[in-house]
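Presented below are the structures under discussion, each in the form of structure tokens.
Next come two complexes, and both contain subunit A; in the first it sits with subunit B, in the second with subunit C.
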Partner chain A sequence: MLGYIAKRTAIAVFVVFATSALTFFFLSLIPGETAVTIIQRVFVGDVTYNPSQAEIEATKQMFQLGNPLWMQYLHWLSNALHGNFGTSYFSGRTVLSEILVRLPATIELAIAATVLSLIVAIPLGVISAARQNSKVDYSSMALATFFIAMPNFWLGLILILIFSLFLDLLPVAGYGGLEHLILPAITLGAGMMAVTMRLTRSSVLEVLRLDYIRTARAKGLDEKRILYRHVLKNAMIPVITVAGLQLGYLLGGTVIVETIFAWPGIGKLLIDSIDARDIAVIQGCVVFIAIIFSLVNLLTDISYRFLDPRIKYEEV
Partner chain B sequence: MAYWFKQKFILADKLPLHFPKQKSVVIGSMMILGLTCLAIFAPHLTLYDPVEVDLRNNIVSPSWEHLFGTDNLGRDVLTRVIYATRIDILASLFIVGISVILGLFIGIFAGYYGGIRDKMLVGMMDTFLALPDIILALVLVGALGPGIFNAALALSLFGWVRYARVSRGLTLSIKEKEFIEATKAVGAGDFYLITRHIMPSTVASISTLAALHLGHAILSLAALGFLGLGAQPPMPEWGAMLNEGRVFLRVGWWLSVFPGLMIMITVLAFNFLGDGLRDALDPRMKEVMVK
Partner chain C sequence: MAFKNKFGILAICLVLLSSIMLGCVEQGTQKPATTSLTPERIPAVKEAKKTLVVGEMWVIRSVDPAKDGTTAKEKAIIIETLVEANPDFTLRPGLAESWEQINDTKWKFYLRKGVKFHDGTEFTADTVRWSIERALKMNPPVKTVTLIKSIEAVDKNTLLFTTEKPYAAFPASLEYPNLGIVSSTSETDDKGIIVKPIGTGPFKFERLDVASGTLYLMRNDDYWGIKPKLEKVIIKGIPDPASRAMSVEKGEVDFTCDVPYGDIKRLQKSQGLKVEVHPTARVYQMQFGNLSGTPYSDVRVRKAISYAIDRAVISERTLHGCAASAIGPVMPTIAWSNKNLKGYSYDQKKAKELLAEAGWKDVDGDGILEKDGEKFSITLYTYPTRPGLQPMAEAIQAMLKDLGIKAEVRVMDSSAIKDYMTDRDIYLVGNAVAMVPDPDFYLRKTYHSKGDSNKWGYSNPEMDSLLEEGLKTFDTDKRQEIYDRVQEIALDEVPLIHVAYYKATVVMRDYVKGFVFNPIAHDYMLNPEMYIAQSKD
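Showing the complex of A and B:
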């Protein structure tokens, strides 16, 4: 088990490094000379400023821009490993402090969305399976089909339209109390809810067909007891795995949801810094998102093995 | 047609082919046919120009003259939504096309030649699967500069992995079959074996993956458009239209409602087709698809 955890952890760490290297490479593709951009934006604060050759050379020296890309990356990496992710071109604050200020809002949103989607999805999925081909089953599966096809940016706008503009119940955007959290959490969680609901249903249906359930029925146990005590435990194993994977995808969704609702999280920071070409902040945001993403995947993987002891660790 | 399909593509395992019986395949195909007609005949179906600005008629609510209303620049929303069908469907076909070609090439290469090359490619596939791909695509488009082509390119770069995994697996299992051995004994080369025997056998699985990927590609493309990184104005694209209309949510709900509705209908169509194909052609695919 320990060996398995160590191996998985190594893979997760590797993924974070790979992501940071890819991001570094992508950001080097930005057209225009980086040194000129830095002079214009950081030193002068005027994008029309035309720097002299000497100024460009000095800046290149200072930021080590003359070196080959891989050396620049290693330079960044060694700084990052010491906790120094550079400074934002715009705010002048360190990237780390920018990100740490924003991180709690994103985590709050992601947790709220996950909890919300699981609270709706698991009971509906179980009921659908228990009453297969009933009205409840058909309508919740139709609902899931629609939510899977629905773009979350559109759902967000529609929710604002209905609950904020027509009914005037909830705030249009912003960060604050519970009333600010409801719409973004629904928007972010809807897709995950749909996938989890479908999976819960098929998983419960699969377990209901197994022999030990027939035995339980033959023993004379009532359906409710069978469902809650015997079926759910086994049916939840694949659901938890997929919920974990979905949580990773949810992080991608935060970029959109935070943009719509002006939610001050790391996704909004990422989009704003992409717009502003604030390279150090982009790099930092992606690394932090990759860390959370890999951590969630790792925890999901490990908990999956814990929940299902039939799986041998060596096999993977 | 069905007979030809059966003859052509189903080799060793006689998979049951009964998709006319699959209701969702029929519904999905009909919807896709309708959308294709919209895309092809867009100029004949619309009364207005999709990009021409008419400031006297800006933000007119839906009426008989403008069924879906007009936008902030006085352009007919129905016209733009119909023209956007062209761009969205073509761009997602591009994404899926590139991904399929890339994935098949890498997957078959890895599976067919095996050895250290296979190990390295599998390692690459596993890494790509574990990457936060949406975020990386976002950064790539941001670096290359916003635009529909760059957006499609970035999404293709992260779309090939599943095709590679599936085609590698199929190649591995087909490679061991006796008829391949026989064909080799007759003197067939690698190219002949790959194009005549291995590639046809992947058609069922790859087309299922592709149908589902098309829906996903439209969602991702529109998401990039919505973030201002995809199609640029005045190009009519659903995501970009939503981005432009979002500012006017308070005064013109129709700017935000109709483009999103079209995205949903299109994604539903491809999902119906994909789910149906999966159930008809390859029930085992379910396990592969769940990630």
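Showing the complex of A and C:
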């Protein structure tokens, strides 16, 4: 078991390292000279401004942009290993402080979205499976299809339109109390809810067809008991795994959802930094998200083995 | 037994929880029982009646004037410059009461007396010198704009500036937002970046919420000018234009700008809102890839394209009235614009004649013009950050098609366009023409053969000498003659085509009074006369 954890951890570290290198080199492919974009977006605030050669030279010197790419990366890496992820061109604050100040908002939103989607998805999924091809099944299928198909930038705006403008129940955008959290959490969690609901349904159906369920039925156990005591326990294993993976995709979704709802999290920081070409912050955000993603994956992998003893037997 | 049944209990709990939540939603929906399409709006409860909440289009990330002068000087009016500008872009005294020219390169500025910084420190020539030198060091374009060589504090209230060369636009250049004066007592971080600016303006900096990019301001009761009426201002960054529109509609913000064009009609009809559309100093223009070795080397082709653009349709329909048909390089609302220019009125017939004269004919009858076996087929590039640009590019595409020019529209990030655009292509941009409230800066950058913006290689010796003359001509009337001629040539030789003058949209709740739009602002500028008419609750 320990060997397995060590192996998975090594892979996770490699993923983070590879992500950092790839991001760094892809960011260098962004069109336009870095010095020019800094002048346009930081110093002048106008993307159509054409800087003079003297301005470009002065900016290059100011931000030490002359070094070759691999040198810049090694420099970044050695700093990053010491906990220094660089400084934002835009705000002048360190990348780490920019990320940490926004982390609570993103965690809050991600947890709310996950909880909300599981609360709705699991019961609906179980009911759909238990009453296969019933009205509940079909309508939950329709709901899931709708939520998977709808892009969250559209869903978010429609929810604002309905719940904030027409019904006047919830605020449009911003960070505040529970009422501010509801719409972004629904928007962000909708896709996860749909996936989890369908997966719960198919997983329950699959388990229902297994031999030991037939045995239970043959013993004369009633259906409810079979469903809650025997089926659900095993059917939940893949659901938990996927929920863990979904949390990673959720972080990707925050980029759009946080922008629509002016939610001060990491996703919005990433978008603002991309707009501003604040390369150090973009790099920092991507690496940070990669770390969280790998960590969640690692924990899911490990928990999976605790939940499903069969995996352990196969290894031996 | 109970323990073994935990999944059952869990499931029941989940169902119960979700039904409670559903119940909440249902209960909630009962509140506004009216199902009409225009529901009654309950104005948001505000923490104070004299607080203005602004929905800002950018996320405010820095309040250091040397880095981001626009926020501190225009939006938040925390800091002020020595020279200020009137709505027609003529100069007026700011923190400097007056100024005089000593010789070609030396200027004396006399500071306003009785001004105090927000923390009570005295406003002196030494602080001004420190503040301007700081901006020069931290922001390279400030140097290009001002051409300052040295600054000397002659006495407590007098400054002597020396410029690198004779520079008639010097007083105007001191209006540049990054040159807003901050006190040396402003709080900085360990890298010397100002985190708590102390200025002289109508509002004081209270705090910046870094995560959400929200700026909190309070009234400066000791302001030397018109006493501000609002007690507090909150500037909230809401980058999504549709969210901004809905926020002001619901009353979560009292004031916002730059809403989607498609929403303007709805907002105008919405009760309790005012929508204002104002001219600014930005022009939508078509820049040619290169003026030599391309079809555009023939001035008749450039003129033909200019005649083929139906500017009225673009301003009124494509841009929903948020623009005015362009005439010359500078809009008539600006003092130094050449008022005698006529512009290119839409004339498809004349455009076709000019192209025929230039040798462009549709030989094979496919609707696309040819010359020397080459088809007139180009790409029209533009970028997505200004919502009017893409629809405008598509309208122009259709107008060029009528002329026999096949144009493909490509929208991409402004930094990427340079890598893709060829000499034959056209770039549609929204360009600021009065970054400095003086004719020199923009016109020289754009029309001088060595201008930084002149990527298309326009070169006319008369134009060059006029622009150089304007730089060192200090007599106002003589300068106007020079720049009138510059604009006349610019219109006549069409090195670039002016399509429309951009207009800014401002949306506010009707209880916001006293707002005066200032065209100097990049997006909008608050003013001390603003107040809130009645209780918002």
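Please note the rule applied: the second predicted complex is superposed on the first by the 274 of 316 C-alpha atoms of A that agree within 3 Å, B and C clash if a C-alpha of one lies under 4 Å from a C-alpha of the other, contacts with A are read in each partner's own complex, and residues count from 1 in each chain.
FYI, contacts are C-beta pairs under 8 Å (C-beta built on N, C-alpha and C of every residue); 3 or more make two chains touch, one makes a residue touch a chain.
As the structure is a prediction and not an experimental result, all values here were calculated from the model.
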First (subunit B), second (subunit C), both or neither: which does A:90 touch? second
If we overlay the two complexes on their shared chain A, which of subunit B and subunit C does A:294 touch? Say first, second, both or neither. first
Just checking: does A:66 make contact with subunit B only, subunit C only, both, or neither of them? Give me first, second, both or neither. neither
For A:171, select first, second, both or neither according to whether it touches subunit B, subunit C, the two together, or no partner. second
In the superposed model, does subunit B or subunit C contact more residues of subunit A? C
I'd like to know which partner A:286 touches here: subunit B for first, subunit C for second, both or neither. first
Looking at the overlay, what does A:270 touch: subunit B (first), subunit C (second), both, or neither? first
Per the contact definition in the header, classify A:261: touching subunit B only (first), subunit C only (second), both, or neither. second
Applying the document's definition of touch, where does A:161 land relative to subunit B and subunit C: first, second, both, or neither? both
Contact residues common to both interfaces of subunit A (with subunit B and with subunit C): 30-31, 157, 160-161, 165, 259-260, 271, 275, 277
Parts of subunit C lying in touch with subunit A, wherever the complex brings them together: 4-5, 7-8, 11, 14-15, 17-18, 21, 28-29, 31-32, 39-42, 44, 59, 61-62, 64, 67-68, 70, 139-141, 143-144, 178, 189, 191, 193, 209-213, 236-240, 242-243, 246-247, 249-250, 252, 383, 385, 413-416, 418-419, 429-432, 435, 445, 452-453, 455, 522
In their shared complex, subunit C is touched by residues of subunit A numbered 30-32, 36-37, 39-40, 42-52, 54-55, 58-59, 62, 87-88, 90-93, 98, 101-102, 105, 118-120, 122-123, 126, 157, 160-161, 164-169, 171-175, 228-229, 232-233, 236, 259-262, 264-265, 268, 271-272, 275-277
Parts of subunit B lying in touch with subunit A, wherever the complex brings them together: 126-127, 130-136, 138-140, 142-145, 215, 219, 222-223, 226-229, 239, 242, 246, 249-250, 253, 256-257, 259-261, 263-264, 267-268, 271, 290-291
What residues on subunit A touch subunit B, complex-wise? 11-12, 14-15, 18-19, 22-23, 26-31, 145-146, 148-154, 157-158, 160-161, 165, 199, 238, 242, 245, 248-249, 251-252, 255-256, 259-260, 270-271, 274-275, 277, 282, 286, 289-290, 293-294, 297
